[in-house]
Amino acid sequence: MLQIRSLRKSFDGFLAVKEANLSVNPGEVVAVIGPNGAGKTTLFNLVSGQIRPDAGSIRFKGEDICGLRPHQLCRKGMSRSFQIVKIFSRMSVFENVQTAVISRMKKTSNLFIPAHNIAVKETEAILEAMGLIDKRDSICGLLSHGDQKVLEMAISLGSDPQLLILDEPTAGMSGEETARAIDLMKHLSRQRGLTILFCEHDVELVFSFADRIMVMQQGSTITQGTPDQVRNDPQVKKAYLGSHD
Amino acid sequence: MLEVKAINTYYGLSHILFDVSLSVHTGEIVCLLGRNGAGKSTTMKTIMGLTPPKQGEIVFKGDRVTGLPAYQICRRGVGFVPDDRRVFADLTVGENLEISARPRQGFDGWDKERVYNFFPALRALEGRRAGVLSGGEQQMLTIGRALITNPDLLLLDEPTEGLAPIIVEMLEEKILELKAGGLSVLLAEQNQNVALRLSDRAYIIDNGHIRYHGSIEDLRRDEAIRHKYLLV
Amino acid sequence: MISGVFGKKSLPLVVLFLVGLIFLPYAAPRFYIYLASVILVTGLLATSLNLVLGYGGLYQFHHAVFYGIGAYTTALMLTKTSLPTWVAFASAPVAAAFFGLLIGLICARLSSLHFGMLQISLGSLIWAIVYRWYDFTGGDDGIHGIPVPEAMSATTSSYYFILAITTLCLLLMFIIIKSPFGRILQALRDNPERCEAIGVNITRHRIIAMVIAALFAGAAGSLFVILEGSVFPELLSWTLSLEILIMCLLGGWFTFFGPMLGACLIISMRTFAGNYTEYWTLILGLMMMLTIFFLPKGVFGFINQLFSSKAPDLPLEESSHVAD
Amino acid sequence: MELFTGLSFSVLCIQILVGLSKATILFIVASGLTLILGVLRIPNLAHGSLYMIGAFTTYSIATAFSQSSLGFWIALLLAPLIVALIGLIMEQGLFRFLYNRDHLMMLLFTFSFTLVFGDLVKLLWGSDYRSLAVPEIFQGSYSLLGMPFPRYNLFLLLLGPVFAAGLWFLTNRTILGKISRAAAVDREMVGAVGINVNRIYAAVFVLGCYLAGVGGALVAPTQNISQGMDHSIIIEIFLIVIIGGLGNVWGALLGAVIFGLTDAIGILVAPQFGIIFPYLAVITVLIFRPKGLLKSIW
Amino acid sequence: MKSTFKFFCLAAFVSCCLLAASSAFAAKTIKVGIVDTYSGPASTYTNDVRDAFALAVNKINAAGGIFGQQVEFVTRDSKFKVDLGLSAAKELVMREEVDILMGTINSALALALSDFAKQEKIPFLATFAKSAKITGEKGHRYVFSMNENTAMIGKAAAAGLAKLPYTTYWIAGDDYEYGHAVADGVWENLKKLKPEVRLLGQSWWKVGEPDFTPYITAMLAEEPDAVIIATGGRDCVPFLKAAQTTGFNKLVPFYMHTATEISTLKPLGLTAPEGVIGTANYHSYYPDTEENKAFVAEFEKAYDRTPAVGALYGYITAQFISKAYAKAGEVNTEKFIDALEGLSVDSPVGTVTMRAEDHQVMLPMFMGMTTKVEGKQFLVASEIITIPAEESMPSLDEIRKARQL
């Protein structure tokens, strides 16, 4: 579904992503891990079109997508959430998700029908699935951080993607919230057959949940494989998990 | 030296720190361990006066400093090394140090020369724009910049994050050297190995709550705690 | 459908208010009918600006250009051609929208202050052309004595005409704001990055928004011709643009009726304070300072906040990513 | 139209010099604006009003000392200081509390200042024109390449580099300048190394106002001192600041030179359309470099 | 959207406005409404109009008014903005119910007001707008011009310039209607009077141009015999100043309307350039008649400043109003207009007449040259020649032709 080859990106002489390689197969849950500053967020921004790579290739469903704008990628079936919450803070929870659905339905240029009647069922279904239905009409700028992160995910679902990219979906969440978010992700991948690419700090969580894991350090891919392969990779042990034992 | 009493901090409407209390005594390195997003940086910023707490009290050298602006806290002797480094990118290395210099009367404090002696690598970079330095060089600069304010307490927020092992080693040595010079340090870390090597005491913070407090030996022994909150 | 758009509670009030306005000429002396017309026209202009400013988060600093283009189009059609009157009025919004498209295409990829300043320079260029093209636009003298049909130009009949068109335009704008397009527009204001990520073509939407805003500004311009029978280059000047910007901010730029209220406040103020003192701009300036200091969301925003339990008290920085 | 008739070398040279001397004043005023914009992030529309106040104050002081041949020089010294004092009051009294407000609100707030200042000037100085004589030593003109070139413009021309050098020294060689460059990028961190940012902000604001005052004082002898000066300059300097790159002092210099030169040469090439040249230059720059020619802090 | 209160508030506000405004009407007087620019640079001129008008009105009222009725006037500041002026005028007519509208230095506003006056059938006396369209092309029964217009300036200046020996000219001026109209007027008439004159080129600057040096050097490069400067109002002063610094006045003779006027010369003091040819309607020191001296003395006593040309306009407007009403015998607009047509009044510059056909007042024009005079704090006009109104007025044929267009 997604192939990344030798991706490179530098900012002002600082090489954020040096040599990233990654492949994601349909239906898989793939995690990217690595210490802070390893270039995970930059990699995700490159994939989702926020920034352009300097070199390398990104193929999505067999098609070269380098240089496409985020909105074009979204139309191709790729949807992402952000590490730092990016929601429409003056709108209600319902409206946030509905907006994404409206956009997917290509009704954004429709001037004369009231928006609030569009896709109510579908939106509510997403809210239901994400457990936000009882906060339907809350203004989302006022939600708790955990709810906002879940809302992030819900908005991404509104675009009905084939590939869901989640940038640290549990960052800043409390224990219960994290558990809930993980359940949601599992649910999404199992029930909806969504392909998920996510990055995460919480190593335990990653190992328990991902089908495959890619490890990054200082802008380069160290390895990619199943959790067991990664756990036993000596390079990973040394670079990432620490070598105190 | 530093006494943090039950502080509660909010970002806008989200509650980040819940009744966080900790203390740092003169001459020790205290470690604040926790995962990403656990509230370490917020604790640091709250102590520094960048995100003032809504409730609680911060006492430094016997004075209440809660709610003071950052510059006054700095002038009272707290040095701050933020996790994202935040060097003044447009300024040269030398200028970064110059504007931060806060010479003390009457005793042998830190000046540019001493910082360069401490981090010899910086001397060669004096005229370079800070924005183009490598991560390790920037980290040295931020520490140097904090030192030149002549602090009694240094707040180090993940100084080793994202750095090559060799640089991490060098920084660890330097931190111990600072401690030997009588400086107190509050160190925020998610890498427990660094923490275990450097500190005297440790706090573990998770989700804005202090979950554990004890000497480093206790922590080293208590695998369960480490596993629960630090996940390795 | 409309009642659904307005919400059940406020509809009766809108109707009541409208009825009040309809019967105004029976109750008020002639000058107040004229004044109400001025407020309606200016308020329509300010509301059209707010479509892109408050709802779209764009720094539209030179909105008056479209107003002026609308007014000049009507004026020129009426004086230089013998086309039917309705063509003259219908072509005003079209011409304004065309310029909106033109300026939008050039400006839309810039952000915040740069967007506003490029717009000011482009607008000033159009102003300069109008100001000096004597043969066509009448230069700085403008065009006066425009032959507006008698049935429209008398104080009361022009008031009704203006009231009708303004109500229609406001209704349309309200519908647009409530439409999917309007929803996306507000989403753009709140978080352009997220908008891109859900598949919205930001540039295209901004341009469309500018075209729509220009369209209504053009309509307001043609109403001005009915009201005053004159056009002059000041209708395109940046000081007028700033004035309507102030109306939006003073009235409350996140509310639909805020700009109308702002127009009402400022026009009433300059009319009545102007009778007592030469220094009314001083008073206006002080009043604005106080408003900004104590009511950062504008008068309407403040009222909203006072009475509406649902109005979110979001931190102000929320709106500042409009800027970057 | 005979576009290039008589466009001789000497005329072109003089015109360029005249354009540059005009650019000097624009630069001085715009650099103040860009400093405030860069460090404090205030799009200060009242900058034009301060410039006007500078001119009026210069007039008053120079007239008060009219017996002495030094009248203008005393005014040139004092008037900007008075303007700077006004700036200090504005900053400490009001702007200080509004730093985290939206840009648009700041714009509006500074605009209300232009309204208030406009009327205050009218209250204080009345509505008559004022005109100030060019100081004695700069009266008359030199003959350069057979064309007259006003001495005062030569003075301005020399003053431009002096101010540019002064600003360079200030921003690159003094602690205040270095701190303000740092504060422009990361205000919080500047506070965390023990610097009182509010005082730096006040200093930069006052400096910016001082420059507006200097600009006003310098134009006083060349033109009508009248109400409306504020309006005519503010858009020009804003455009200069924008094309130069927001917050960049060298951008202001570059922008001012572009503005002054396109204006002066436009007059020569197509006198009928002189006024549109600077606007065209601005549009061209912004279309190709939307963030301005030099690096913008924003 | 959800708040129901906002509508209440809006409604309450509007009704408050309406209530506050329905004030009582004043007692029976003749009411004159003045709309003019009282802020910004133009107010230098307009203040004189208002003050001289007030002076004259006070005298009339002190003498018992017009057939027993007092004259009252109200002013509104248009801030040189047409839309503000227009709504102020509507307020004056509809709310204050004034009998006569007067004022404005802004030609665009004057034309707009003239159109409004035509609709409302109320007399409008234009006091400072110089556009020839007011009484020419756009003239009608209800508009009167109380000052010279661009056509008259052009004709008068051409008559003067034709006597001078220059053949090649350069034209420069303010890039707005007034500048172009004056320039065209001078040039067309000059060509008629002296067919051999040649125009080398023109330059135009924006109104409020701060620095004229670049234009002056550009003009000097062309080496014309003389230059016609068509600039008005606030730009006269800085232009003369630039002329002085560049030595322009010594290198090339130039003509500028109002160059000899006190409003222009006084701010410059003794630094004004000498030898500039100018025209003006009025000087406080010329004509050296008893009437003028008395008028100047009276004005100086009241306002502690020397009257400039605006004072003349204000004064004659008051005279015309009082005499016309006296002649009409009652406060009746149509009768007032009939009475005003062809009326003559005494003024500091002699007897002036309102031409019946086009409602243009016939004022003489004085051409002179700026000169330093011992004991004066500013330059004055010397070698004054008087161009009588008959010579400078556009012919009735021209008026008729313009109005038919």
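Letters A, B, C, D and E name the chains as they come in the text, with residue numbers starting at 1 for each one.
Criterion: a residue touches a chain if its C-beta (ideal position, glycine included) is under 8 Å from a C-beta of that chain, and two chains touch if they have at least 3 such contacts.
Treat the numbers as computed from the prediction; the structure is a model and nothing was measured.
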Chain-contact steps, minimal, separating chain D from chain C: 1
Far-end chain from chain C, centres as C-alpha averages: B
Euclidean distance of C-alpha centroids - chain A vs chain E, Å: 72
Chain centre separation in whole Å, for chain E relative to chain B (CA means): 74
Distance between chain centroids, defined by C-alpha means - chain D, chain E (Å): 34
Rounded Å distance, chain B centre to chain D centre (Cα mean): 44
Touching two or more other chains - residue numbers and ranges from chain E: 38-39, 175
Numbers and ranges of chain A residues touching at least 2 other chains: 141-142
Residue list for chain C, restricted to those that touch at least two other chains: 278, 281, 310
Contacting residues of chain E [partner chain C, same complex]: 1-11, 13-14, 17-18, 20-22, 38-39, 76-77, 79, 81-84, 86-88, 90-91, 94-95, 107-108, 111-112, 114-116, 118-119, 131, 133, 138, 175-177, 180
Partner chain E, residues of chain D touching it in the complex: 2, 5-8, 11, 14-15, 18-19, 21-22, 118-119, 122, 127-131, 133-134, 139-141, 147-153, 219, 222-224, 226-229, 232-233, 263-264, 267-268, 271-272, 274-275
Contacting residues of chain C [partner chain D, same complex]: 59, 106, 109-110, 112-114, 117-118, 120-122, 124-125, 128, 238-239, 242, 245-246, 249, 278-279, 281-282, 284-286, 288-289, 292-293, 296, 316-317, 319-320, 322-324
Interface residues, chain B side, partner chain A - complex: 13-14, 35-37, 83, 131-132, 134-135, 158, 161-162, 164, 190-193, 196, 206-207, 231-232
In the complex with chain A, residue positions of chain C that touch it: 1, 4-5, 175-176, 178-184, 186-187, 190-191, 193-202, 205, 208, 212, 254, 310, 312, 314, 318
